[in-house]
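Presented sequentially are two complexes of chain A, the first with chain B as partner and the second with chain C.
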Partner chain A sequence: MSYDAASARNERAASTLRQADRTFWGRLVNWSPYRAFAGLIGASPRRQFLILALFPILWVLTQHLGPMIQMVGVSFTDAYPVAAGKEQHLTLDNYARFFGDSIFWMPFFRTLFFAATFTFCTLILTYPVAYYLARHVSRKNQMLMLLLLLIPFWVGEIVRTYAIMILLGNTGAVNLLLRSIGLIDRPIPFMYTSFSMGMGIVYLTALYMLLPLYSALEKLPKSYNEAAADLGAGAWTRFRRVTLPLTIEGISSGCTLVFLIATGFYATPVLLGGPSTTVFAETIAGFFHVAGDEWPTGAAFATIMFVSALIVTVVFQRLMSALRKGDVK
Partner chain B sequence: MTNLSLNRRHLLKAAAIGSVALASPAYLRRAHAAGGEVNIWTYNNFVPESFKKQFEADTGIKVNVRLVDDQGKQFNLLAAEQPNPTVDIMTVAGHRFLQFIDSDLLAPLDTGRLKNWGNINPTFSESDWSTIKDNKWGAPILSGMEVLSYNTDYVSAEEARTWDTLFSEKYANQTAYIIQDMMSIIMLKMGYDGNMVEYLDKPEEAARIVEEAKQFLIKHKPLVRKYYDGGAEIQQMFVNQDIVLGHSWNGPAAALINDGFPLDMTIPKEGSYGFVYTYNIAKNAPNADNAYLFLDAILSSPEIGAAMTKASGYISTYKDASNHLTDLEKKSTSFTDEELSTLQFFRAEANKMKYGLIDPAVEAIKAA
Partner chain C sequence: MNRGNRVLLSCVYWAFVLYVFVPLILMVLVSFKDSKFIGFPIRSWTFEWYTGVFADAQVLSTFGYSVVIAVLSTAISVVVGTWIAVLLEGRRFWGRAVIFGLTVLPALVPGIISAIAFRIYARGLGIEPGMGAIVWAHAVHNVPFVVLVVMARLSTLPKSQIEAARDLGADPLIAFLRITLPYLVPAILGASIFCLLLSFDDFVRSFFLGGYEPTLPVLIFAKLRSGMSPEINAIATVALILTAVVGIWAERFTRRLKKETEG
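And now, the complex of A and B:
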């Protein structure tokens, strides 16, 4: 009897396997090229890593580094695109043009200054939000709150920039409110100033700051602050001596992301900025709009901005790293 | 009041669309069912939607429109694609022809293949700028000009008769302009040739004049609210009442006037510049036959020209197109003889020298 039961079980298992063999995946697993490929991958962990990493590496090379390498290449030429009957030569003139003409320095340094200032403003504004979210909202509601904060990011940068225009215009919501409560008689000209541009950039980059901060704060055990409180530390001291130093990594990541994004913004400064807020991205775009052989100059200027932003970021990261280690008080 | 005028405009627009649809088939029915596609680079509203649908239905040719917003970008795109461009028809401003022709990007236009060439007003089709190297290079479709637009609730017609009002303390931080275009206008206002053709053999004189215009704009920089680039931007600023007057192209201003906004425009007494948009066929166009069929179709009736004016605000180059405009549309696309007497057309002969001087000056003004 028991023999019969075991035999039936084996028969059922064999039947299941036969059915599986008839499915797509079953046939794939038994397909000899697939088996050879699987054997090749599984032969060594090193090979396994290389094959699995192949697609991401190709993606990064072709989609991320490729265009940048192309841009750097173009920046060393005297003509691009090359018109019929013309020849392309290598040159450093495009870089010399930046260093030789001071009119380009103002938008360049203004961009770095604006990016640093707006990054700091974003940090100051988003830290309390991230703190509240990570420390005071129940874990059950945190995802819901994050989702709510993500809603503005469902639409594109231009639409959100126009939303700022609707808010800050002379007939915008802010001026209407101030007039309706009798605080002003004439509209305050918020638009086309460094304020409107800054507000736009802070609004557009806030999430890039918020998420690393939230991540750092969320990982911080509550017991640390409780221990500090037990030892007599006040709220400000607990924040300054415990919370802030232990979230330096989040601050560092958030600031780096926001700073790099802010240096490259184009549409927002164009739409919200004024005559005295021209940033370097607008100067660069100007070279690409002009008909003729100006693309190489635009590419050289873009390379200069890119390298400068990286240098500032590296210096900032070093500073943050030193702060983390306690080398800088 | 606004709602009433908008409704009326929509009603008139619907009537215009209907008339275009009615007018087109008479010509298009004669066209062979060619099939395939035609690729067009043009500005927003330059191909009336009703015409496009009718053309596609009658010929089987799919019309692919790619919107452009800048002549320079268009030039660079085409230069990058040659000798195998993806575009058949592009929209070049008349004063930019030379640059495209010198770079071998355009095909000469065979007007013999366009039965409706005669429907264009000869003022545009036969003018001196339209014939270069003994060839026609484009079919003029719309005409534009640099104007002073102003909100009639705040600025009087008398004040708007001079460009000086744009730089007055009275309207400080309530003005806007395109710097590159203003450089030509300022040179004209100062009594110089803004086209710089007169200084082709005098580069030092040209440099001095550009420097003078640059210094003028730098001096008046604290008074301007915004340097802008596109027509939609100045429309937005007028609607939001961020500005009350500004330099603009007539098209975007006319569109606001037709929407019932309290706006008017003028060519100030110091003068201004005009330009003509043309449809051109790209060299090595992949669908050249379809491109000619499209051009002949779009030139076939004044109603189509009027529809282009209604949609874009620019002035139609077609004979009798104004007969199909409403009184308000006629008003928004016409100027007095006194205004027109000071209007000149942009010229291309000195463009290389002119923009070689103006482009750095513009950067300097922005940086100042």
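And now, the complex of A and C:
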């Protein structure tokens, strides 16, 4: 190789490097404030990690956990926000108030009962749908058919609740249909009952059940069912002994999600429910419509509801996993 | 037997499709009804309710207010969520499970409780009810969804690419900006659209943290409490079409992006 050729090549390489220096990234890397900054954060793997971790940890502690902690804290005080010149005292009165009056604990137990019932209805309604999608539809169509179901769920809570009001009203579509085929001659008052409320809540939460069920069913190999069939198991036995136990995880997470969401609805029960179906969310909200000194009671009630909902879901999940272990031995 | 099952199940699926679509279709139909009286049958049709909605300054400003809140809260959620996802999906560290648990907490707290807790916390910090409070509450509430989506995408990033960049002299920040971040774009876009829709549709947090100016769901709620009218149907229909179009577009767009970056 001649000297000239080598020097020409070096020259080309150097010019490529100079061009790299002129790109955005090249200039950034050579910019002295950036170098100082990179040196500061990249000094050691330990420091890199600390800088990466500091903000997320502070965020989740102050923004995710903070509000819950403060809510629990306020629930043990007698005044919040504290008026000028007054002192805040610790007290259990807010919790005592809950047990003292049926106007408070009735909606509470009603909420738990309703949420559990509606969760069960959602499960019964969506399991066949998820089963059909996961087992009987080709891969390509699965996505399209799931997307079709997703569309209505992008629409907000209030709009969908209103849609249910129009469906079930005295002059609504269902009553019109029933009347025109001659089944009834006076409209059935669906609205402002636990039925209309359940209809609305199932309508709003169905997707949160469907997706976990679908992914559990989709993961289940078809060969398991075929093996069971070869061993002589009928369709019902196959479902009960193979499919159901192996999708318990999906059932469990879907039910947990729907239960937690269903206990938290406020607008839907207000719009679709009646005086006999007051839920705890309405009770809690009542303390925040009035002047500030009722806030601690509202906080206590919200704490009671959150803790109970957690206990219910934990017990439920334990039960489900015990069931699974008992079945698949 | 098997075929019979299959036909039965497909009937169940289509019945479910009807169940989720029919109420919305009926609501849209009523928005064209030429009468103040909500209900069926519909005998004459009109566009009057829509022209009314687009001439109503309050509805239009509410609409803009909701969009601004959605955009601001999404911007916060996406930055924070991506940061947390990078931390959680990176090397294992002590207390990681606790941080993960705390990260998903806001998504699991029932709506009314989350709204109450945010209201009390905002009061403690001296934040007045209004736009800032709503943006903050939506941002915190939506972070878990960003984290989950971005983490799922991050777990499929070939680690060799990062190592190659580091070998070629990139410092960790440059490697993140030039390798990791571009790879995350489909996930981040998908998560952003989801956050926009969540914020735009949210009622309970906007209701308890809002000042005098309502967001769109709060406005519809207030109007509903004072009586049903086809005008509400028209407002709801506009919101419905907007959310559905944005949702479908995002779904297709992110799917295509994912295919491109993987292929």
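Please note the rule applied: the second predicted complex is superposed on the first by the 264 of 329 C-alpha atoms of A that agree within 3 Å, B and C clash if a C-alpha of one lies under 4 Å from a C-alpha of the other, contacts with A are read in each partner's own complex, and residues count from 1 in each chain.
Definition applied: a contact is a pair of C-beta atoms (placed from the backbone, for glycine too) under 8 Å apart; a residue touches a chain by one contact, two chains touch by 3 or more.
Source: prediction; values computed, not measured.
**Q** Looking at the superposed three-chain arrangement on chain A, would you call chain B and chain C a clash or a fit?
**A** Overlaying the two structures gives a clash between chain B and chain C.
**Q** So, A:Ile261: does it touch chain B (first), chain C (second), both, or neither?
**A** After superposition on chain A, A:Ile261 lies in contact with chain C alone.
**Q** Once the structures are superposed on A, label A:Ile103 by its partner contacts, choosing first (chain B), second (chain C), both or neither.
**A** It touches chain B, and chain C stays clear.
**Q** Of the partners chain B and chain C, which touch A:Phe288 in the superposed model: first, second, both, neither?
**A** Both chain B and chain C are touched by A:Phe288.
**Q** Check the residue A:Thr171 against both partner chains and state whether it touches chain B (first), chain C (second), both, or neither.
**A** It touches chain B and chain C both.
**Q** More residues of chain A in touch with chain C or with chain B?
**A** If we count touched residues of chain A for both partners, the winner is C.
**Q** Determine, under the contact definition given at the top, whether A:Phe55 touches first (chain B), second (chain C), both, or neither.
**A** second
**Q** Look at A:Ile311 in the shared chain and tell me whether it touches chain B only, chain C only, both, or neither; answer first, second, both or neither.
**A** neither
**Q** Who does A:Pro81 touch here: chain B (first), chain C (second), both, or neither?
**A** Both chain B and chain C are touched by A:Pro81.
**Q** Can you check which stretch of chain C gets into chain B in the overlay, out of 25-33, 187-195, 223-231 or 241-249?
**A** Of the stretches 25-33, 187-195, 223-231 or 241-249 of chain C, only 223-231 runs into chain B after superposition.
**Q** On chain A, which stretch or stretches are contacted by chain B in one complex as well as by chain C in the other?
**A** Touching chain B and chain C on chain A: residues 81, 165, 169-172, 270-271, 288, 295.
**Q** In their shared complex, at which residues does chain B touch chain A?
**A** It is residues 70-73, 75-76, 79-80, 82-83, 96, 99, 103-104, 173, 221, 224-227, 229, 233, 236, 239-242, 355, 359-360, 362-364, 366-368 of chain B that touch chain A.
**Q** Quick check on the complex: what are the chain A residues that touch chain B?
**A** Touching chain B from chain A are residues 81, 83-85, 101, 103-107, 165, 169-172, 187, 189, 191-192, 270-271, 274-276, 278, 282-283, 286, 288-292, 295.
**Q** Of all residues in chain C, which touch chain A in the complex?
**A** Of all residues in chain C, those touching chain A are 1-2, 5-6, 9-10, 12-13, 16-17, 19-24, 26-27, 30, 37-41, 80, 83-84, 86-88, 90-91, 93, 99, 102-103, 105-106, 108-121, 123-124, 140, 143, 171-174, 178, 197, 200-204, 207-208, 217, 220-221, 224-225, 228, 232-233, 236, 239-240, 243-244, 246-248, 251.
**Q** Inside the complex, what are the residues of chain A that reach chain C?
**A** Listed in rising order, the residues are 25, 28-29, 38, 41-42, 48-49, 52-53, 55-57, 59-61, 63-68, 70-71, 74, 80-81, 125-126, 128-129, 131-133, 136, 145, 147-160, 162-167, 169-173, 176, 203, 206, 235, 260-261, 263-267, 270-271, 281, 284-285, 288, 295, 298-299, 302, 305-306, 309.
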